[in-house]
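Take a look at these structures.
Next come two complexes, and both contain chain A; in the first it sits with chain B, in the second with chain C.
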Partner chain A sequence: MALPQAKQTITQERLAGLSLPQGGKWASAARTDALARVQAAGLPSARDEYWKFTNPISLTSAEPDLAAVFDPQETPIFGDLDRLKIVFVDGVFDAEASDDLSLDGVEITRLSEAAQADIHWAKDLYGALESNGQVPVQRPLAALNTAFATDGVLIRATGKVSKPISLIYLHNSESSDAILHHCVKVEKGADVTVIESGPAAARFNKVMEVDIADGAAFHHVRAQGRDHERRAVTHTFARLGEESTFKSFTLTANGVMTRNECVIELTGDNAIAHVAGAAVGDGDFHHDDTVFITHDALNCESRQVFKKVLRNGATGVFQGKILVKEGAQKTDGYQISQSLLLDGDSQFLAKPELEIYADDVACSHGSTSGAIDEEALFYLQSRGVSKDDAQDLLVLAFLAEALEEIEDETIADDLLGRLQNWLARRRG
Partner chain B sequence: MSVLDTTEVKEGVDQETVDAVREVGGKYKYGWETEIEMDYAPKGVNPDIVRLISEKNEEPEWMTEWRLQAFARWEKMTEPEWAMVDYPKIDYQDVYYYASPKSMAEKPKSLDDVDPKLLETYKKLGIPLKEQMILAGVEGAEDAPAEGRKVAVDAVFDSVSVGTTFQAELKKAGVIFCSISEAIREHPELVKKYLGSVVPVTDNYFATLNSAVFSDGSFVYVPPGVRCPMELSTYFRINAENTGQFERTLIIADKGSYVSYLEGCTAPMRDTNQLHAAVVELVALEDAEIKYSTVQNWYPGDENGVGGIYNFVTKRADCRGDRSKVMWTQVETGSAVTWKYPSCILRGNESQGEFYSIAIANNMQQADTGTKMVHLGKNTKSRIVSKGISAGKAQNTYRGLVSMHPKAQNGRNYTQCDSLLIGDKCGAHTVPYIEVKNNSSRVEHEATTSKVDDDQLFYCRQRGMDEEEAVALVVNGFCKDVLQALPMEFAMEAQQLVAISLEGSVG
Partner chain C sequence: MLEIKNLHVKLEEEDKQILKGVDLTVETGKVHAIMGPNGSGKSTLSYVLSGKDGYDVTDGEAVLDGEDVLEMEPEERAAAGLFLAFQYPVEIPGVGNMTFLRTAVNAQRKARGEEEMSAADFLKFVREKAKSLKIDADMLKRPVNVGFSGGEKKRNEILQMAMLEPKMCILDETDSGLDVDAMKLVAEGVNALRSEGRSFLVITHYQRLLDHIKPDVVHIMADGRIVKTGGPELALEVETNGYADILAEVA
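So, the complex of A and B:
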C-alpha cells in the first residue's frame, strides 16, 4: 500500500541528508535491507496509533533541534565503579578516553571496524532482531538506525565477565545527531553486565540488539543524561533462550524528549525477563516507555515495572504489551505502570495491553495515577518530619518498586543518590 | 455438539462457570423464523432509499434532509479496521435497508389491531405484548413479587415498531414512550433538540450509516422530577433474510427524573451474516438518572463461524447536568462479531458513569467491546467492571478509554477487567487507554482480583467471609444489583451469568 503523502515527505526529507555507509559484504547487505524497511514503512508520524501519545516530529526531522551542552558539575555517574569504559562523544568513539577493549570472557569490537570485514560473527545478529521486531508493529526509527549507524560496539560474552562494560555517552556539540548501534551476544552460560550513561548528543538514536543463549544472563542499567534539551529514541531488542535471564533498568531524570522502546521475545522455556524504569521530570519533560514482550515458550516469567514522577507540566507515557502466543502455557506476566503527579499541570497517558492466546497463564496488569497521598504526608509531618522531607520520602517510596529491580547494590546506591539530588534541586 | 463440550478445562476453573458458559453457548433458543409476508425496499443504499425510508415513516422535510446529509458524509468515509475482529468485507449494496411486515402498511391504532402472528412471535420470545403484560406465567417468574411487575415494551420487528405497551399509563405520569418514528412526527421539538447531540452524525462509519437509514427504534422522554413508574423495554427482533437492522434509540431524562430501560435482541438462525448497526443516545440532565441494560443475544453463528449477526453499535450517554448518573449494564452473549463501546461523557459536575459488562464469546465469535469514560466536570466518578469469557475459538477484547481532562478536578475512576479462557484455542485481550491530565484525579486500572475496594473487602471479612467470597461478593454485587433489575424474561439467563466465578481469571 502506498504511504500517505505526509509520511512520504517526512521520510524523503530525513533520508535526503543521509547516505549508506561503505562497508564489507555482511554490513552492506544488512544496511541495504534496513533501508528498504524504512522506505516501505515510512517514518512515524503523530497520526500513527503507536505514536498516539508522543509526537515523533523532533525525532524524524531532517535536522535535529539544537540542545545546549550542560555541565552538571557533579561526580560522574558510576564513577566509583570498577568498570571497562567505552566512551563516545556525540556518537563517535573516543579511543583516548576509553579503556583498552580486552577483558577476560568477552570479545569487544567496534562496529566501524567489524563492518569493514567481509565475515564477522555479528552478521547473524546485526539488524536481525530489529527486523524481527518490525512485526506486528513497525519501528522504522530502529530500521533507520540499522541502515545508517557507523559506530557502536559488538560484544560477545563467552564466560562470566568480571566487570561491567560501561558505555559513556558524552554530549559536546549542540547540533550533534548521533546514531549508535550495539550488538551483544551472550553465549551459553555466560553472564555480562552493560551499563550506559550520559546524554550522548542533541539527538540520539540508539539500537541495542541482545541475543541471550540458553542459561546465559544479561544485566543492563542505564542512566540517561541530565542535558535537558536533548532528545533520544532508543530501542532494545532482546531474544531469550532457555533458562536465560534479561534484566534492564533505566533512570531518566531530564530530557525534553525520550522514547525508550524495549522489544523482548522469550523463545526458550523457563526464561526470565524484567524491564523496569524510573523517570522523574518537570517542565517540558516528555518521557515515553514503550514495551512489547512476547511469550513464545513454556513457563516463562516477565515483569514490567515503570514509575514516573511528574511536575510542572511534564508528560509521562507508558505503552506496554504482553503477548502470550498459543501454547505458551504457564506464563507468568506482570505489568505495573504508575505515575505520581506532583501538581495539576502534569499528565500521564497509558495504554497497558494484554493479548493472550493460552489458557493456563497468570497475567496481570495495573496502572494508577494520582497525587501524593495527603494523609501520608500529614502522618509524617505529625511525627516531626518537615513537609519537604516528607514529600521526598513519599516520592522515593513510590519509586522503590522500580529501583528494587537493580541487583547491584553499588549501582543502586549511586542511582538513588541521583534521585535525591533531583529532589533537592526541586525544592524552594 | 458445541466445541465447548469437548474442550478440556484447566484446573482451578469453577465447574459452575463452565456449565453456565456451556448453557449459554449451547443451542440457540431463538433461532426460529416467523413466516410472515414482508414489504421490502429494493436492496442497497442510495439517496432514493434514504428518501423512501423517510417517506415510509411519514417524516417531515428537515428529517429527510438530516438523513441525506448523513448519507453524503457516509459515502466519503471508510470502514474502521482497528478493532481486533476479522470478518469478510461487507457488501453494503447487498442488504435490504427496509423490511416491514405487510400487515404494518397501515399503522395499527392499538395493540388489538396488530397482526396476531406478530404478537405470537413476541409471546414465543417470552415477551407478551397483550393483556398478559404483567409477568405471570413466564418461566422463572415464581420469584417475582406477588402482584407482578410491569414492564412497558416497544417491540421492533425488522425495520418497524409493531407496538408499544402501557402507553396510556405512562402518559399519566407524563412519560413519553413511543417509537422514534412516532416521536419525529409527534414531538419534533424534542427530537430536533437532542437527536445527534450525543452521537454526532459524523461520529463514526456505522453511526453515520445509521443516521442515514435508521428505520425505527425507541424514544423516551421523562419530564422533570418524574420517576418513571415502570421499567421500559425494547425488544429487537431481526426476522427477514438479508436485512440489516438500523435502529435508533433516544432517551432523555429531564431534571431530577429517573428511568430504567432494558433492551433485548434475538434473530433467526441463518447461514448468511446479517448487519445490525444501531445508535443509542442518552441525555441525563441535572440530578437525573438513567439505567440502561442490554441482554444481547443475536444469533452468533454456528460452531464453524457460518452465519450470525454483525453487531456494530454506537451507544453513548451524555451526563449533561450536574449530579446526573448513567449506568450501562450489558450481557453480551450473541452476535458473530461485536463492536460496541457504551460510553459516558461526564460533563456535569459530580456526575457519575458506570459500566458493567459480561461478554461471553464461544465457538467462532469475536467480541471487541468496552467503554469510554470522558471526565470533563469536577468531582466526576466512573466505575468500570468488565468480565470477558472466551471459549472454543473465540476472541474477546476489552477496549476502553478513561480520560481525565485538565478541568475535571477530583475525578475518580476505578476499572477492573477480568478475562477467563476456557480452552487453549481462544484469546482474551485487554486494550485500555488511560489519559490523566490533572493531579487531583485518581485513576486505577486493575486486573487482579485482590485489588477490589479494600474498605468493602474489610467489611465483608469482618463479618466472617473468606477473602475469595468477599471478592466475589463485591465484584459480582455490582453486576447483580443491576441484573436483578432486569425483567424476568432475562432473569434466568442473567442469573446463570452472574454465577460465573473469578477463579482462574487473567488480566
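So, the complex of A and C:
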C-alpha cells in the first residue's frame, strides 16, 4: 500500500540528507535491509496512533533544530564510580577521552571497525532485534538508525565484567545530529552493567540491541542529561533467554523532546525483565516512555515502573503494553505509571495496555495522575519542615518506587543527589 | 504562655463561621483541657493555631509568648515551639519515619540557629524516646504512619512531641483509639514532658485521660466558644451528666 503523500514527503526529505555509511560486508547488507524498512513504513507523523501523544516532527525533520550547548556546572555524573569510560562527542567516538577498551570478561569494538571484518559476532545481532521489534508496531526511527548509524560500540560479555561500561555522550555543537547504534551480547552466564550519561547532541537517535543468553544478566542505568533544548529518540531492544535478567533504569531531567522506547521479548522460561524510569520536567519539557514487553515463555516476570514529576506546563507520556502470548503461562506482569503534577498546567497522557492469550497469568497495571498531598505537606510543615523542603521530600517519596529499581548503591546515591539539586534549583 | 482573644474563624471556601469568639489563656507550665460536643470547633481551633490552610481568621488573635502566631507559616510556628498532636495523623507513603523525624528535628534546630544533630546522637535520642513509648525499630523504619494501627499512630505523635520538645503542646483526642495500656503509655509520655516551661492544651472527650494527665484547668467549648471554665471537677461533671446541664446554664 502506498504511503500517504505527507509521510512520503517527510521520509524523502529526511533520507535525502543521509547516505549509507561506506564499507562493511555484513553491515552493508543489514543497512540496506533497514533502509528498505524505513521506506516501506515511512517516518512517523503526528497522525500515527503510536505517536498521538508525542509529535515526532522534530525527530524526523531533515535538519535538527539547533540546541544550545549546555554546561551543567556540576561534578560529572557517576564520577565516583570505577568504570570503563567510552566517550562520544556529538555522536563521534573520542579515542583520546576514552579508556583503553580492553577489560576482563568482555570484548568491546567500535561499530565502524567491526563492520569491516568479514565475520563478526555482531552480524547476527546488528539490526536483528530492531527488525524483530517492528512487529506488531512499526518503529521506523529505529530502522533509520540501523541504516545510517555512523558510530557505536559492540559489546560482548563472556563472564562477569569487573566494572560498568560507561558510555558518555558529550554535546559540543549546537547543530549536531547524531545517530549511534550499540549492540550488546551477554553470553551464557555472563553479567555486565552498561551505564549511559549525557546530552549527546542537538538531536540524538540511539538504538541499543541487547541479546541476553541463558542465565545471563544485563544491567542498564542511564541519565539523559540536563540540557533542555536537545531532542532525543532512543530505542532499547532486548531479547531474554532462559533464567536471564534485564534491568534498566533511566533518569531524565529536562529536555524539550525525549522519546524512549523499550522493546523486550522474554523468550526463555524464568526470565526477569525490569524497566523503570524517573523523569522530572519543567515548562516545555516533553517526555515519552513507550514500552512493549512480550511474554513468550513460561514463568517469566516483567515489571515496569515509571514516574514523572511535571511542573509549569510540562508534558509526560507513557505508553506501555504487556503482551502475553499463548502458552506463556505463569506470567507475572506488573506495570505502573504515575505522574505528580505540581500545577494545573502540566499534563500526563497515559495508555496502559494488556493483551493476554494465556489463562494462567497474573498481570496488573495502573496509571495515576495526582497533585502534591496537601495534608501530608501541612503535616510536615507543622513539624517544622519548610514548605519547600516538605514538597521536595514528597516529590522524592513519589519517585521512590522507581528509584528503588536501581540496584547499585553508588549509582542510586549519585542520581538521588542530582534529583535533589534539580529540585533545589527550582525554588523561588 | 498562649493567649487567644476573641478568635473568630470561618471556612475559606464557604461562608460558615466555626469559631465565634474564643477566649483562652494557657499559662506557661500549665495543663489545660478542652472538652465539648462533637463539631463544637475543638479541632478547628487546633488547626488554626498550627496554621492549616482553608480557614479565614476574621477577628481576634493568638499570641504565643508575645509572638502573634497567626501571622506565621506553619513551620515557623513549630520552630516557635508550637506542636499539634493530630486527631487524625497523616500517612506519608515513601517517607521513612526515621527520615521524617530527623528532618523535623534538624529543621527546627536550624530555624532556631542551633546546630544540626549528628546522625549518631540522633539515633541514640530517637531510640531512647521510642523505647519508652514501646515503639519498635520496625515502626521507625516504615513510612510515616503507613499501615500503623490507630494506637500506633497516636504513640507516634507523642514520639514526635518528645523529640521536638515544644513549648506549647496541643493534643487533639490523642486518647481516642487507644487501649487501656496504650493510654497509660501515652499519658506517661506526656507527664514525662510536663515541666515549668511547657504548657499543654489537651482536647478530649473522656475523663479517663484526665485521670492520668491531671489538668490544672478545664474548659468547655460549645458552638465555637469557650462557654465554661473551671477546675478538674468540671471534667467529672461532664463525665457523669453530659453537656446538657452546662449548655442550659450558659444559654
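The definition used in the following text is that the second predicted complex is superposed on the first by the 428 of 428 C-alpha atoms of A that agree within 3 Å, B and C clash if a C-alpha of one lies under 4 Å from a C-alpha of the other, contacts with A are read in each partner's own complex, and residues count from 1 in each chain.
In this section, contacts are C-beta pairs under 8 Å (C-beta built on N, C-alpha and C of every residue); 3 or more make two chains touch, one makes a residue touch a chain.
A quick note: this is a predicted structure, and the numbers were derived from the prediction, not measured.
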More chain A residues in contact [chain B versus chain C]: B
Contacts of A:4 with chain B and chain C, given as first, second, both or neither: neither
First (chain B), second (chain C), both or neither touched by A:398: second
Partner chain(s) touched by A:387 [first = chain B, second = chain C, both, neither]: second
Partner chain in contact with A:327 - chain B first, chain C second, else both or neither: first
Chain B versus chain C as contact partner of A:343, first or second or both or neither: first
First (chain B), second (chain C), both or neither touched by A:379: second
Contacts of A:364 with chain B and chain C, given as first, second, both or neither: first
Chain B and chain C contact sites that coincide on chain A, given as residue numbers: none
Touching residues on chain B, where the partner in the complex is chain A: 10, 82, 406, 409, 419, 421-448, 451, 506-507
Chain C - residues contacting chain A, complex: 50-53, 73-75, 77-79, 83-84, 86, 89-95, 99-100, 103-104, 107-108, 111, 143, 160, 164
Contact set on chain A toward chain C in their complex: 373-376, 378-387, 389-390, 393-394, 396-398, 400-401
In the complex with chain B, residue positions of chain A that touch it: 49, 326-327, 329, 333, 339, 341-371
